[in-house]
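The following pair of complexes shares a single chain, chain A, combined with chain B in the former and chain C in the latter.
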Partner chain A sequence: MINFLILPILIPFLTGILLIFFAKNVSLSRWIAGISSFITIIVSALLVQKVRVDGIQTLDVSSWQAPFGITLVSDMLSALLVLTTSIILFTCVIFSFKTISKEQERFYYYSAMNFLAVGVIGAFTTGDIFNLFVFFEVLLMSSYVLLVHGGSKIQLRESLKYILVNVISSALFVITVAYLYSVVGTLNMAHISVRLSEIGESGIVTVIAVLFLIVFGLKGAIFPLYFWMPGSYYAPPAPILALFGALLTKVGVYSIMRTYTLFFLDDKDYTHQLLGILAIITIIVGVIGAIAYSNIKKIVIYNIIVAVGVILFGVAIMTPESLTGSVSYLIHDMIIKAALFLLIGIVIAITGTSDLRKISGLIKRYPGLGWTFFIAALALAGIPPLSGFIGKLLIVQEGFKEEHYWGAGIVLMSSLLVLFSIMKIFIKGFWGTPQAYKEEEAVPVRKLLVAPVILVIISVLYGAGSEFVLPYISQAAETLSNPSIYIEAVLKE
Partner chain B sequence: MEIVMAFVIGILFMSATYLMLSKSLLRIIVGTGLLSHGAHLLILTMGGLKRGTVPLLDEKASAYTDPIPQALILTAIVISFGVTAFFLVLAYRAYQELGTDNMERLRGTEGND
Partner chain C sequence: MKTNDIILQTTTKVVLFIIILFSIFIFFRGHYTPGGGFVGGLLTSGAIVLLLLAFDMKTVAEILPINYIYMTATGLLFAGGTAAGALFFNVPFLTHAFGDVYLPILGETSLHTATIFDLGVFLVVVGVTMTIIQTIGGDE
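Presenting the complex of A and B:
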């Protein structure tokens, strides 16, 4: 029992409330938001270290014993994801200082960002299936606010669709929890796992598994359920887009990982095969989108879909090594997607357009931006020794070892095509003859570059220092591949 | 009792689907409200319905109604209430800004290619 693991939820929550009172004072609220998100990074780094040394940390909220009350659980996977989330929150906050107009910042911009972080971190930390729904709603509500923030026509139009999709998926989530409750009679995730393994293979459990896949797949944008995403993510400005692209889909992916490694282990032939097939189609669809568009925002948005497919393919194989690969790739992808979205945010701020055909020759005038983008692009495609290589390598290796030749081959091919899609931005946008753009003098490129450079440095260190990082990742994967560790830690049997 | 509830839930889902497939934004919002109410009733039914007992357990109680679904519904109702309120305000704002509440006319590729 330890109260420490609730701190990463509590700090953004209290900051969000505090910022409501100081919203009209823009410079003060910037300071508060920046400092508190930095403190969150420190606290969650300490939490990771704590989990590394002492094992899984649990907190029974208000001392209601484990299966009866709400339990917060911090195993290595959730601790690492909380750390990554807080880093991304920090960089997005400092990037917002120079990109969001003061009028917008007054309208509770930083509060909404902090509440979004509360939802995401809470969803990573909770050990109770209904509480997961509640944290989902917290993050969705803040994402609705952030999506319409500014109130331009395209934002209003896209957020109507986004909210409709998410309201339906929330209703479906409640329905699924109801079915699950009627079968097992408990909500604690560890306890559900115990009860489900007692029941064994049964039709209703498979139905629930597929329903969960639909619910979380809608959040995580897997194959048949991704249609809302390219449109909605296109609308908001760069820092919000970076937050969404890095965090929101990954919450869905995390939930699929958690439920499919903890609950649905008895009918693997059906559920995990379905997950694998959907993951492969997701990769194909994402790659097609990434290649087809000549709009830089769309290219990176479709790359999110590819990454979701790669991670879930690793989950579908379900060996310890492939899960290690998935966890490693998940964290890599959160960092690098945030970096890429911030970088293309700078490009759009300079050129005033996201159409690749109207951009050229940026690297001559902004070498720093160009090289940062180049490194980020290589890291995205998984060029060794940058991050993303280890994760993909493990997934592909295990794919071949477990005789999923098609899947592993497609993952391999997708890396090439992802590299092509992102290099297309580099070749067409950064090479060529330099142009003069209308409003570029007003853009403080150096100051804006701070946030993405931090993320790219982390990504490079994450890849180059994988000797140092891998023990943490494999500890996370160990909990996933052996659910009894998780169950024992929560139920203290 | 469960059979009756199943029919009620089914009718709620049916009308919700019908309303959400229409073009008018207001009808869609009413549809989402009905959908979440159907989901709430489903939790209640899934928890098991008992008559003549209360969800409070004293030491001599031989039967009690499961309190958890009721707690869950309370939470879910509050959330759906908040989301519906937000959705209504957003729809009104969008109507002012875009000049239409017809979802058909909200499609399009302007700035979205």
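Presenting the complex of A and C:
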């Protein structure tokens, strides 16, 4: 079937529409949301296998040929990210069953979640720069809804900031696309790449490259543009936070990866060096935030910033191995961040606070929760058998090989401090004298643990089975380091 | 004091149908001349807004007993369904079908599935606009 690669977009889309009709019937909409997100996982897994066997999948939507219509492209990178997204959607949906109040679920909660997934999966799959913008808006609109859903005071305040920042960055995105269109006269990404390589090194192209870095940096929270994130992500409840933390910034990172490996290859000395420097400062800022706070939500939020820096440092080096490292770390980070946010969601549900100084001794009463968190924390820091290791190893190795000693050194140091920041939660929150909390009896910890345990198991398998996973990831990196594969697949020359 | 807005209400009754006819006209000419689902939908919702101005919300809800949220979702289903219909014929997503058909009264007519897609857009625009206006205008 030639339309196979659109199914991961189409299924959540139709589910989202269907859920509008059945929103008032909470148990039915739970069933629909759960089953459809599970089907999405299966379909995306099949898609990954198809890309592995048959190479890059392209679809010229509405039968218009490549540069003239919208083309959807599933290379290995986007297929893997689509699979990861659908897994995270599924776990967040089943986590929501027990954490979001019925009153809230009735107000189109699962619809908004599904439309968010449509936006994210669409952004990963599209091969057209303006279509990328449209999918960005789809996911941002849904994220506005989810951020303010429930209408508590802090959510209202933070959503105002979040919307303001994103409206400005979206406007900048349109302006940047307009600049690019006036230079190359096309919107199809593969065709843009061809045209830009014909132009060669030119001042205006470098300016556009930096503008794209600003736009996607605002979405993906890199160094001077991350200021909105700690506040905005502090507001929503755990399952929404997990969706945001795992998916939204990563779409920005993916877009930087795509544009900086496909478009802007002629003035690498400037653009990629800039990217590298910003990535390193991003890591430093994130690490400072992560060790400074004693609020468990803030600690994990700043860890997102660190991970964004690490991934982009790998992209800035631009060797095949470092790109493999970046892709591997990107997927690991999406899974583990979702797991961590869900886990601290459970901790907050038990204790009623996110202040680390008021929490202690959780492991006595909740050993399952404690050890799951421990494994997730080790995976986050990149301890060898677990999932964060391979990616960071490749990035650091290539960093030293290409003589970026400072950068690679900082990436190494950052792992230590990330481990410190997350172990701080484990040592202070889970060890120590157990204490009783007010509403802990009402929290169904076992049922809640299902979702994060699925994610942690996937993360462990991802790390332990790297032998099996690595061919997929290096196939993804191969397209990144050799854009002609992508161009040939799309333009069919 | 009860205000007497009989002139407004009578004029509305006449003008309403002209606006709705115009919006349908705009909707159907979209393929060959300026117009289409988006403007058509906005004009229709403009007509309903005029009705809201002349009467109160309760009366309008009685005249048009429509759940606008369902209307939006139906519009999305129309658009999505037209696009997904291509899947059954194993042609790329969003591929449209068209042709000249002889209809009993209208004679030779060119029909295009893009019209159904546009109808979806029309319904979404009306649904969304009216949902916004009703939620802001309602006092609950």
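Remarks
Here is the rule we go by: the second predicted complex is superposed on the first by the 492 of 493 C-alpha atoms of A that agree within 3 Å, B and C clash if a C-alpha of one lies under 4 Å from a C-alpha of the other, contacts with A are read in each partner's own complex, and residues count from 1 in each chain.
As a working rule, a contact is a pair of C-beta atoms (placed from the backbone, for glycine too) under 8 Å apart; a residue touches a chain by one contact, two chains touch by 3 or more.
Note that the structure is a prediction, hence the values are computed from the model and not measured.
Touch criterion met: A:R157 reaches chain B, while chain C stays clear of it.
Shared-chain residue A:N482: touches no atom of chain B or chain C. Of the two partner chains, neither chain B nor chain C is touched by A:S202.
Looking at the shared chain after the overlay, A:Q273 reaches neither chain B nor chain C. Contacts of A:D60 after superposition on the shared chain: chain C is touched, whereas chain B is not.
In the superposed model, A:I6 lies in contact with chain C only, and not with chain B. Number of chain A residues touched is higher for B, counting chain B against chain C. Under the contact criterion defined above, no residue of chain A touches both chain B in one complex and chain C in the other.
Those residues of chain C that touch chain A in the shared complex are 69-70, 72-73, 76-77, 80, 84, 86-87, 90-96. Looking at the complex, you find that chain A touches chain B at residues 130, 133-134, 137, 140-141, 144, 148, 151, 153-154, 156-157, 159-161, 163-164, 167-168, 170-172, 174-175, 177-179, 181-182, 187, 231, 234, 293, 295. By the touch criterion stated above, chain A contacts chain C in their complex at residues 1-3, 6, 10, 13-14, 17, 20-21, 59-63, 72.
The touching residues of chain B, when paired with chain A in their complex, are 20, 25, 28, 32, 35-36, 38-40, 42-43, 45-48, 68-69, 72, 75-76, 79-80, 82-83, 86-87, 90-91, 93-94, 97-98, 103, 106, 110-113.
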